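Before anything else, here is the set of structures, which you'll find just below.
Two complexes come next, and they have one chain in common, subunit A, joined by subunit B in the first and subunit C in the second.
Let's turn to the complex of A and B:
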């Protein structure tokens, strides 16, 4: 299905490259991302330092690659929290309805009422700035997206014949929730996951930019973007490298998410097919 | 030294004009007896005068006082200038001095309060003559007298009236502090400027942008990464103090009365582990390599005391293993008011990792930092910039003595050191005093209760039209002699 959509393919490749680069960061570059060498500081890109060096003489490429680990792990943890909690809350609310749904969904609405970044800032400021706390905070603010989506799915799926059939066969609530509703919710869940993953990376970068995310000396794209700003007129590379890394990861995920949505949503698939058909082929 | 950097043989100053000056942070108060940050001092110096001018590199100079004498080191008599007035027109007399001392004692905090605590009695001999009797001899009292800023009896912080070259107009929080020329200033013709506006501007690069685009005429710092380029471009003048003279330092406070930093060997290990040459690179070579609070070109400097200028990692590691302290994590609270605090803190973090100390960094705004570190003593390591008065008693006392603000935060008790300070105050001849401070430096450099990390450069940016500015070793900004050429 991805082969039919070049954007999605490009997205998948970009994101795969980011993941691989982060996983093999240690092997891809000879430099320790924490090793300070003042005499080499703020160098432009060269054969020795492909992206130049930062204000403490650390190799920027190593820091970008290692920074990817931090960003990706924040993304994984945050989306993990949000997808698990949000989907569970949404499915339960959608399936049972009534007072339970009201309580769950009003809580979600409450979370939604705060701008995500502000809420994440408040949470990290309270919990204390660190990688884990940033991930938890971003996870919490991402819950509403998953909960709303799951509730909508549950409302639709529980009215379908196959749900009635399952219940007629004697399936209990838990069985229906886990074996009927959840599998039928997988497509939108995947799309939402890729989009939320991209947002999590962006939010983490914003928190680190503000000094509330990953703490030095651990490299972080957002913090590098912030520090690079101070040396903008000496090495524009510094900020550009950090910004570029964020751009590639987020662009990849968004293209992938778009492609997945097109591929997985039956209605859009029809629309897309029709659109494709109108274009001259050959 | 500290020569006026005002270009060719000064033409006659032209009066008038507005000077806009950036400040690294909002002042915390305009009450001169409660000021704590450098930014409080910058505004305070415009509004208030002391008995003497506070730059002592060329010896004491009178400000409100026209003459002074000291029959012995615990008695000081000041004779005021004639016809002094406060901004609101009331006369400034010896009674005002007495009131000022009483007020700082009753309502003052921090350094301004410490200054007056040494005074046993303030006696008004006649309307223009005041005599201080000190609790103990203090040969360096003249410098302290310069820092006691005089206020009228009905002083109100919301409309701070003083007798300085400028009088208060308004303080719009987070926007500006405006002051205007005080026409009744004692020094004839001065100040030349009609108005002075302080603009809190936390971002150093923004300060330079404001200066280069003519939106301010003067900046209180120049971002260190850009000093070279700015000097070469020549559109903006960089004023500064030659290196090695000013007691300005980056200062790492250690909480020396709590484990693990109560352990002498841990403190020594930290000081040996920090790479001060790398730190000098962080400041782009501006400032001076030093590990002693007394500047290397100061008359009281003791080259025999322990120097940490050369990093000695092997020794630091040995000291750590001897200390029996291992696998420790320390929190380092550092200021954000200058850009270089971030990389300095990171170099410390990397250096200490090599001797098995994990450092967590916590950047804090100056008001929060002062409250947590200096007032509540809630810290392990605290990184700041300090700039004590020029006398060795003030330099060593302000940074390390348990009786002063920084020393109280550190909590380092050393009886012999305190005795040396007392003795240094009681003798008057410089050669005798030098011997005492030589000894005090031996003690403090060995014990490393607070760690000096090079000279913190003092640099100002100004448009070429700004004339008559004289940088002072204490980083006080004086604008009474500044004028704008057209």
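Let's turn to the complex of A and C:
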């Protein structure tokens, strides 16, 4: 599937590069991302420091690579929470219908009534700023997208003959939900996962930018962008590098999501109707 | 149409109730006793107990929620403990600044997206179309805060033609206000235009393939009449929905932009209040933003139904 769509392939490669760089951050750069060397502060890129140094003389490249770990782990946890809870809620609501569905979907509507960043800000403000809390907050605000999608899938799939066939063979509700509805929901789930992952990275960076996410000295793209802008008149590299990292990760995921969507539903080529439910919050 | 609006309004009530409950309970997660937080750790037990009674913190949670909701319905969202001003009036006071950026940004984005989106659809598959699609995808993936920093770097630091941050009220000094607004508006316009271009192009392409467009062409109508009177009119219907949703989400999307440009709008107020632990303001602002968001979405649905009668009956 990926081979047919050059955009999706490029997206997958870009994102894979980001993941690998974050995973092997320690091996790729010789510098400790937390090692302070004041005599080397705010240096431009050089052979020694490929992206230069920050205001405390720390190597920017190694901070960017290690910052990727934080961004990606927030993305994984947030999307994990949202995909699991949202899909379960949506499938159950779609399959059973009635009062249960009404309660579930009204709650989802209630969550959807908040601009994502606002609710995430409120949650991290009350839970206290940290990597874990940012991930949980972003996970919660992402639930509606998955729940809506799963409900729509369940409504369509439960009317199909193979669902009737499974039930006629004596399958119980749990079997139908997990073994019939879920596997048939995998394609839209994949697209949503890549889109939501991109949005989670953007939202996490926005939270860290506002000081509500990952706390210093742990490197984080959003916080680096915020600190970097204070030194714009001295060095542009600082902010540019942090923003560039976010852009590469998000662009990769968006290309992948677009390609998957096109491959799964050619009618939607270039359109992005489903995505409108969750605008990027950056 | 009246029945449709009535149905949508009925749907609104439970959503707003859930929204208010979420807002109320999220702000109960705050660790520590509210009264102690306000009075400080050294406060004696008696004054803490008195403040707890005054704030109603000794009553059951459900009663507290009902009292809070009742007050909220009378536009009483409590008081900022930072400057002793009512939360409602504080948010209302900051709203025009946010609205200024949102409206100007939206207008700017349309000036980019409409011509570019239409041209891309009419020249499907050409280099222009490819370039537009690529630009839109990058524009969609660029974080707004990074775009803001880039523009500050170019226009304020390098060329020194625009101020890097600041604010002047439009009512008092319109020209200065527009100068300060230029960069934040440009950030919003560029990031919104990316989404709009993609959507308008796709929606134009869908319409152009329809039979009635072929009929219009077969009748011998000029290309311009077919494009503007037949195709664009129908392509714009879903586009209006997108604009409405974008406008609603701007209420949240401006937080970071306002912060970067030191623009004292609602988002800026929220960040400041979080920093100073002024939770009544954060809570009130979140409630008002969510209510505004839900209301705008409702208006979008109604506008959509008014433009496209098929929606009303589905």
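Keep in mind that, in the parts below, the second predicted complex is superposed on the first by the 265 of 282 C-alpha atoms of A that agree within 3 Å, B and C clash if a C-alpha of one lies under 4 Å from a C-alpha of the other, contacts with A are read in each partner's own complex, and residues count from 1 in each chain.
Here, a contact is a pair of C-beta atoms (placed from the backbone, for glycine too) under 8 Å apart; a residue touches a chain by one contact, two chains touch by 3 or more.
A quick note: this is a predicted structure, and the numbers were derived from the prediction, not measured.
Enquirer: Tell me the contact category for A:178 with respect to subunit B and subunit C: first, second, both or neither.
Expert: After superposing on A, A:178 lies clear of both subunit B and subunit C.
Enquirer: Of the two partner chains, subunit B (first) and subunit C (second), which one does A:20 touch, if any: first, second, both, or neither?
Expert: Neither: A:20 stays clear of subunit B and subunit C.
Enquirer: Would you sort A:34 into first (subunit B), second (subunit C), both or neither based on which partner it touches?
Expert: So A:34 only meets subunit B here.
Enquirer: Figure out whether A:165 sits in contact with subunit B (first) or subunit C (second), or with both, or with neither.
Expert: So A:165 meets neither subunit B nor subunit C here.
Enquirer: Taking the superposition as given, does A:211 touch the first partner, subunit B, the second, subunit C, both, or neither?
Expert: Both: A:211 reaches subunit B and subunit C.
Enquirer: For A:55 in the superposed arrangement: first (subunit B), second (subunit C), both or neither?
Expert: first
Enquirer: Based on the superposed arrangement, let me know which partner A:233 touches: subunit B (first), subunit C (second), both, or neither?
Expert: both
Enquirer: Is A:121 contacted by the first partner subunit B, the second partner subunit C, both or neither?
Expert: Only subunit C; A:121 stays clear of subunit B.
Enquirer: Does subunit C touch more residues of subunit A than subunit B does, or is it the other way round?
Expert: Looking at subunit A, the partner in contact with more of its residues is C.
Enquirer: Output check: A:76 vs subunit B and subunit C. Expected answer is one of first, second, both, neither. What do you get?
Expert: neither
Enquirer: Pick out the shared contact residues on subunit A: the ones touching subunit B in one complex and subunit C in the other.
Expert: After superposing on chain A, subunit A residues 211, 229, 232-233 contact both subunit B and subunit C.
Enquirer: So in the complex, which bits of subunit A are touching subunit C?
Expert: 106-107, 109-111, 113-119, 121-123, 125-128, 198, 202, 205-206, 209-212, 222, 225-226, 228-229, 232-233, 236, 239-240, 242-243, 246-247, 250-251, 254-255, 258, 268-273, 276, 279-282
Enquirer: What does subunit A use to touch subunit B in their complex?
Expert: Residues in contact with subunit B: 34, 36, 38-39, 41-42, 55-56, 211, 215-217, 227, 229-234.
Enquirer: Taking the complex as given, what residues does subunit B use to touch subunit A?
Expert: For subunit B paired with subunit A, touching residues are 204-205, 223, 225-226, 229, 275, 277-278, 281-282, 339, 342-343, 345-347, 349-350, 353, 360-361, 363.
Enquirer: Quick check: in the complex, which residue numbers of subunit C touch subunit A?
Expert: By the definition above, subunit C touches subunit A via 14-16, 18-19, 21-23, 26-27, 29-31, 133, 137-138, 140-146, 149-150, 152-153, 157, 191, 195, 198-199, 201-203, 205-206, 238, 242, 245-246, 248-249, 251-253, 255-256, 259-260, 270-271, 274-275, 279, 282-283, 286, 289-290, 293-294, 297.
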